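Look at the two complexes coming up: chain A is in both, with chain B in one and chain C in the other.
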Partner chain A sequence: MSTATHITQAPATSSAPSAVTAKALKASASARRARSAKIKLWAGAILTLLVFLPIVLANFLPLADPNAQNLGARRLPPLSDGYLFGTDQLGRDLLSRILFGGQTSLMIGVLAVVVSGAIGVILGSIAGFYGRWADVLISRVLEAQMSLPLLMMLLLVVALFGPSIPVITGVIAIAQWPEVARLTRSLVLVEREKPYVDAAKTLGLHKISILIKHVIPNVFKQASLVILLLLAQAVLLESALSFLGAGPQRPFATWGRLISDGQDYITTSWWMVTLPGLVIVALVVGVNLLGDALRDGRPRRKNRKEA
Partner chain B sequence: MLTYLPKRLGQGLLTVFLTVSVVFLLIRLAPGDPAAAFAGPLATSEELAAVREQFGLDAPIFQQYLIFIGQLFTGNLGTSYSFQAPAMTVVMERLPYTLTLATSSILLAALVAIPLGMWMARRADTGGEVGVNVLTVAGQSMPDFWTGIMLLTAFSVVLPIFPASGFTTWGGLVLPTITVAILQVALISRMVRREMVNNFNSPYLTIARSRGVSERLLTWRYALGNAGIPVFTALGTRFAAMLNGVVVVEVVFGWPGVGSLIVRALETRDYPLIQATVLITALLAVAVQLLIDLAYPLLDPRVRLGKAASV
Partner chain C sequence: MTASFPGHDMSRRQLLRLAGAAGLFAGIGLSASACAGPTGLPGEDTLTLALNRSLVSLDNKLNQFDAAVTVQRAVREGLTAIGPEITPIPMLAESFVMLSPTRWKATLRKGVTYSDGRPVEIKDVSTALQMYREVQGSFVAGFFPEFPRITALDERSFYLDSKAPIPILDALMALILITPAADNKPEELQTGVGTGPYTVESFNRGAGTYQLLRNETYWGTAPAVQRVNVRFLPEESSRVIALRSGEVDVIDSISPNSMEQLSGLPGVTIETASSLRMNQIFYNFRKPSSHPLSDVRVREALSFAIDGQALVHDVLIDSVEQAQGVTPASLFGHAKTGDFVYDPAKAKSLLKDLGVSDLKLKIIWETGEFPSDTAIMEALVQMFWDIGVRTELQQFEPGGNILQWRQGKEGDWDLLGNGFSSPTGLAITMLQGMYAGTPEKEKTRDTYQGYVNKAVAAKIGLAAAEVDEAKREVYLKDAQQGAWDTWPCAWAFVPKSILARRNRVQTLSLSAANSYPLSHIGLEA
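Let's look at the complex of A and B:
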């Protein structure tokens, strides 16, 4: 399995000639897979941090006020004096608007993932562990929701209840919980057949405490891998909602809103749409690559063996 | 089969019914008054009351709901406030546009994604493949409204090849189709790759190879053939999702479909129109899902409907 050990052993046993050369091992499927997972891991981490760090540190960076208008400096192209990303139609610093808007986008994304993760793990594990009517009920709701016009429903709720941060977070969480619940359910279905569950039952533990103390901790690690992919989705969903005018208005316009505002000036000021979009792409690609690399799991498993 | 079909049909209809009921309640619980949106800000309270009576909104919600259920059976969901025409007719006029866009997108996606996925599976984790793989991740990560605006700028403003909005010529279909298809190509090609790589690593394939089956047959018949069901399911599910998921792209391209219709209906609190749109899209989504399930036995003779209905 672990190619690293084979390669390090090769010189030690070189007295016995083998048809398997170090070069052949390097070209083997599992070595290649490990290498591509590593590339993805690094590329993902770099991209994510490149966007994430400036957003988190935005309050400490020497940035202009994102809402300060300077009508003498309207629609300046990027890299013009003092404005790295240029300015918008009211002379506001685009970089600063992207970073402060990003704080709201990221906060909504993270909160939504936490909420949907909690709902998904709880309902999924109940469905998987108790089975019977609980499973039937939860699975039906899952199926129903997956066959529904999702974005339309989200728009509906946001349009009707107002684009406040709690509403948008809740809506995205509700859109995402089925994925977590399905995964958790399938993991718990496997887990509950394991001997330790029977042992715990024999020892007289209550079903609920078996589920909470033993089964959920055992599936949690696997279920949590999906978090990064959900975060990427949440950021995209939020930007789509705010593009359609159903995004939070305060304190700062989020990314989708920046893009829809810039749309009117696309022919003369390309940066107002292009740059916020590129920031979204960089973040989402980064998070997706990280999630991919971690799900492939090669580097992690190797580390655990070596440790 | 004889019990399977009615059972699935019943479940599907129940899902649709619950959906429209939830929407019915939601739009009435939410703040905002369709009468005010219709009559304008200068309307007096008498005028507002008259509009409410005309729309049938002065009745208690429960009574409105009973009327609504009656309407469901007749297929006439009332008159759209803003179009002043039967809501169902308005939706049905827009539906072909959304269907056209969804169909052309899924066709393009399948034509590109399946060969691309096969190529990625054959060369899994080689230098070039990792690059393409990262590109598919990017395709999955681009917000579709942004891609749309970028394509629009590039190919109808800077290089005026395609019309910028609407569906007046067939050329108008190109950019929206590409915009929708990018995400689908990314998702489906990755899925084809994953399924085929799994198949390439399975014992049955090793055995077939050791018995001298040609690589070409291994790729097409064995690895691709067995990836057929999951890929087909994914294509169907993506298509069903597209019937209502192209809202954003429709707005960007001024596409006269159901998606841009619902955005407008929500803005004007057009209750009958919202309900008709949700009803039609939910019905379509459920119908497509049912068709996919019914097609399983045709693709894989091992599948018997009804026995493993709850997958």
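Let's look at the complex of A and C:
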């Protein structure tokens, strides 16, 4: 990024003809990355908000009760009879079920990433900062957990403790902490060698104070990007569990269950599978694009500040 | 001066794009050609069945769901079988006649051997009866008022004696599958031979797959199909897709929605038949006497909340009939005892009069217990809510521990979605299995959801022991009315047996027992 900034300034200050044309600059890798990041940012934000906002505002929108059945209006196609997304096999408003089901899925996802993020940042920081036995212990535990097949492990725990929102949230949170911890550990390993840490030590600050007040704030921004990306994974995991019958008990609508129920009608009522599927795709793609854009865009902002 | 950059040569990026596009087209092309025709098609002389439940054994001592009957009877046979007319027909016994109310005489068919060449002997029958009696949690034992004793007359003929009359013994003996005495054990047999038209070539119990091979020494008409593959596909949508693609030849126990999807498709035919099965929303009869559900008036009031006609027409697309008694109308001896009426206002006022308020019901069921099970259960939530009764659903996946729940060993529940078949085609068998519970049986949790009613059990016992058919009919009606008046279920319906087959499968005759003889099937070349 910095290269691009300097090159664009060069023709303006030099009268000598140059092969570096505006067109070439536009086609350069750094300019392409900048454009790509911008597009990702906008596309990600739009897709995420398109799904996220209606879900958050579902209680205030003029929607039918997601569980209110009308057996006489079963499997109505989209845009019919006041049903924007159509109805399901029991005549329930599909849009309402997707939005209220999204609240369940998103609540599980957000809670899970908050918990996994907290566990991951804390344990990763301890492993990276203290090293030695703490590092060995935490690293081996997270490696052991990452070697387990994730979905199988989740299904096993849900089968043991029963499918409920706290159990599923906890299970996803426990499943996701290694990724955050691993990244945080590597970031802290870099940070702890920096002069400000030595300076803090020289000034007599306790190790815990240095870690909490100085090191973690410096790595949190990067770690939080991974946590954001894990949100998409958490929503997908919850949907997968619900799809496999290990989600919260009925009649809670969840995205995975909407798709699971709809698959029996896939050839006669396409919207029952397709529309919830599209919403999941929009959210997951949106969050991933947003995360990518924030990651790609961050160094440029930093360099601009430096300039 | 800097040399200008080349403008028209292909850059590395363009090359990569081109390669990516070529790869994409190649991938789509390959996928499209792969999708153009079904893969894994059965062979010309191989029939492939996809069952909705895992066939854990070819024995029926502990369990016998509908789809299993077709396969179990292709390998093992009984002295009799329930024929297409829902009456007993001779199989290994060439004759089976009642000599007196407590004595039957049977004669084994001459020259019948097991697939390994061993002859069928009388001791095989007596050992089989003993094993069915001794097995823990027997599926069959509940249908027998008592197990008859065997007395051999000669090499092929024997008496079956009982203390009390068993007028339906010919039908009951269809449930006893005959295995060589030396191989039989008081447990569900995993291996072993039978006398049926097929032998087991290989199997994987965990995956529920069986490969059957034609029994070349079968005593009856040799089956036309050389090989039968049995697969377990729990997801109905997967079974429908497998049938559509031609990967499997027959899928059974399909829901009305799948029937709707498959109807009219080229190459696929739907077969329907009446059913010997009753699906119910059954109450838990193990509740303490202080619980509202222990009061028959509360149970009756709750039944007014259920809009049965809406469930039949809208959810089950007229593929079932609302029950008009405690047994299906297709059973011999069925009596109409009443109707389920939808009147939510009456339900509310009755509950109010009975002082029942703030009632919360827990409904449990196993996925796949009956077609469209989850839709029915979710519809019940709304219907009970409309009369001010809150509900909680608990769905068990197949292979879970619903049996422990049903026996009251794991947790409490109020209503159970469950189906019950009469494998003999007789109403008395269903009545004995469901409503003839006694306090002794309840000690071992061998009653049907804790249903123990001395008066009803006595009436059933009277009907079961009556030899005179006219009198038995009267006793049966009385017993069914007695059971109905206790409001054992909130709602019940009788499904149709629905099966879909590829058109290459010929001469498949689906019976009301939701099974069909594999040996009669032929495959179109």
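By our rule, the second predicted complex is superposed on the first by the 278 of 307 C-alpha atoms of A that agree within 3 Å, B and C clash if a C-alpha of one lies under 4 Å from a C-alpha of the other, contacts with A are read in each partner's own complex, and residues count from 1 in each chain.
Convention: a contact is a pair of C-beta atoms (placed from the backbone, for glycine too) under 8 Å apart; a residue touches a chain by one contact, two chains touch by 3 or more.
Values in this document were obtained by computation on a predicted structure and should not be read as measured data.
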Consider chain A as the common anchor and indicate whether chain B and chain C clash or fit when overlaid. clash
Counting only touches as set out at the top, which of chain B and chain C does A:Ile266 meet: first, second, both, neither? both
Going by the contact rule set out at the top, does A:Gln249 touch chain B (first), chain C (second), both, or neither? second
In the superposed arrangement, which partner chain does A:Asn67 touch: chain B (first), chain C (second), both, or neither? second
Of the two partner chains, chain B (first) and chain C (second), which one does A:Ala19 touch, if any: first, second, both, or neither? second
Contact breadth on chain A, by residue count: chain C or chain B: B
According to the stated criteria, A:Leu90 is in contact with first (chain B), second (chain C), both, or neither; which is it? second
Taking the superposition as given, does A:Leu203 touch the first partner, chain B, the second, chain C, both, or neither? neither
From the options 116-124, 332-340, 404-412 or 512-520, pick the one stretch of chain C whose C-alpha atoms clash with chain B. 404-412
Taking the contacts chain A makes with chain B in one complex and with chain C in the other, which residues are shared? 263, 266-267
Taking the complex as given, what residues does chain A use to touch chain C? 17-20, 24, 67-69, 71-72, 74, 89-91, 245, 249-251, 261, 263-268
Listed in rising order, chain B residues that touch chain A in their complex are 11-12, 15, 18-19, 23, 26-27, 29-32, 124-126, 129-130, 133-134, 137-138, 140-146, 149-150, 152-153, 157, 240-241, 243-245, 247-248, 251, 259, 262-263, 266-267, 274, 277-278, 281-282, 285-286, 289, 310
List of chain A residues in touch with chain B within their complex: 29, 32-33, 35-36, 39-40, 43, 139-140, 143-144, 147-153, 155-157, 159-162, 232, 236, 239-240, 243-244, 256, 259-260, 263, 266-267, 270, 273-274, 277, 280-281, 284-285, 288-289, 292
Flag every residue of chain C that touches chain A in the complex, lowest number first. 1-5, 235-237, 255, 257-258, 260-261, 307, 310-311, 314-315, 367, 374-375, 377-379, 381-382, 392-395, 397
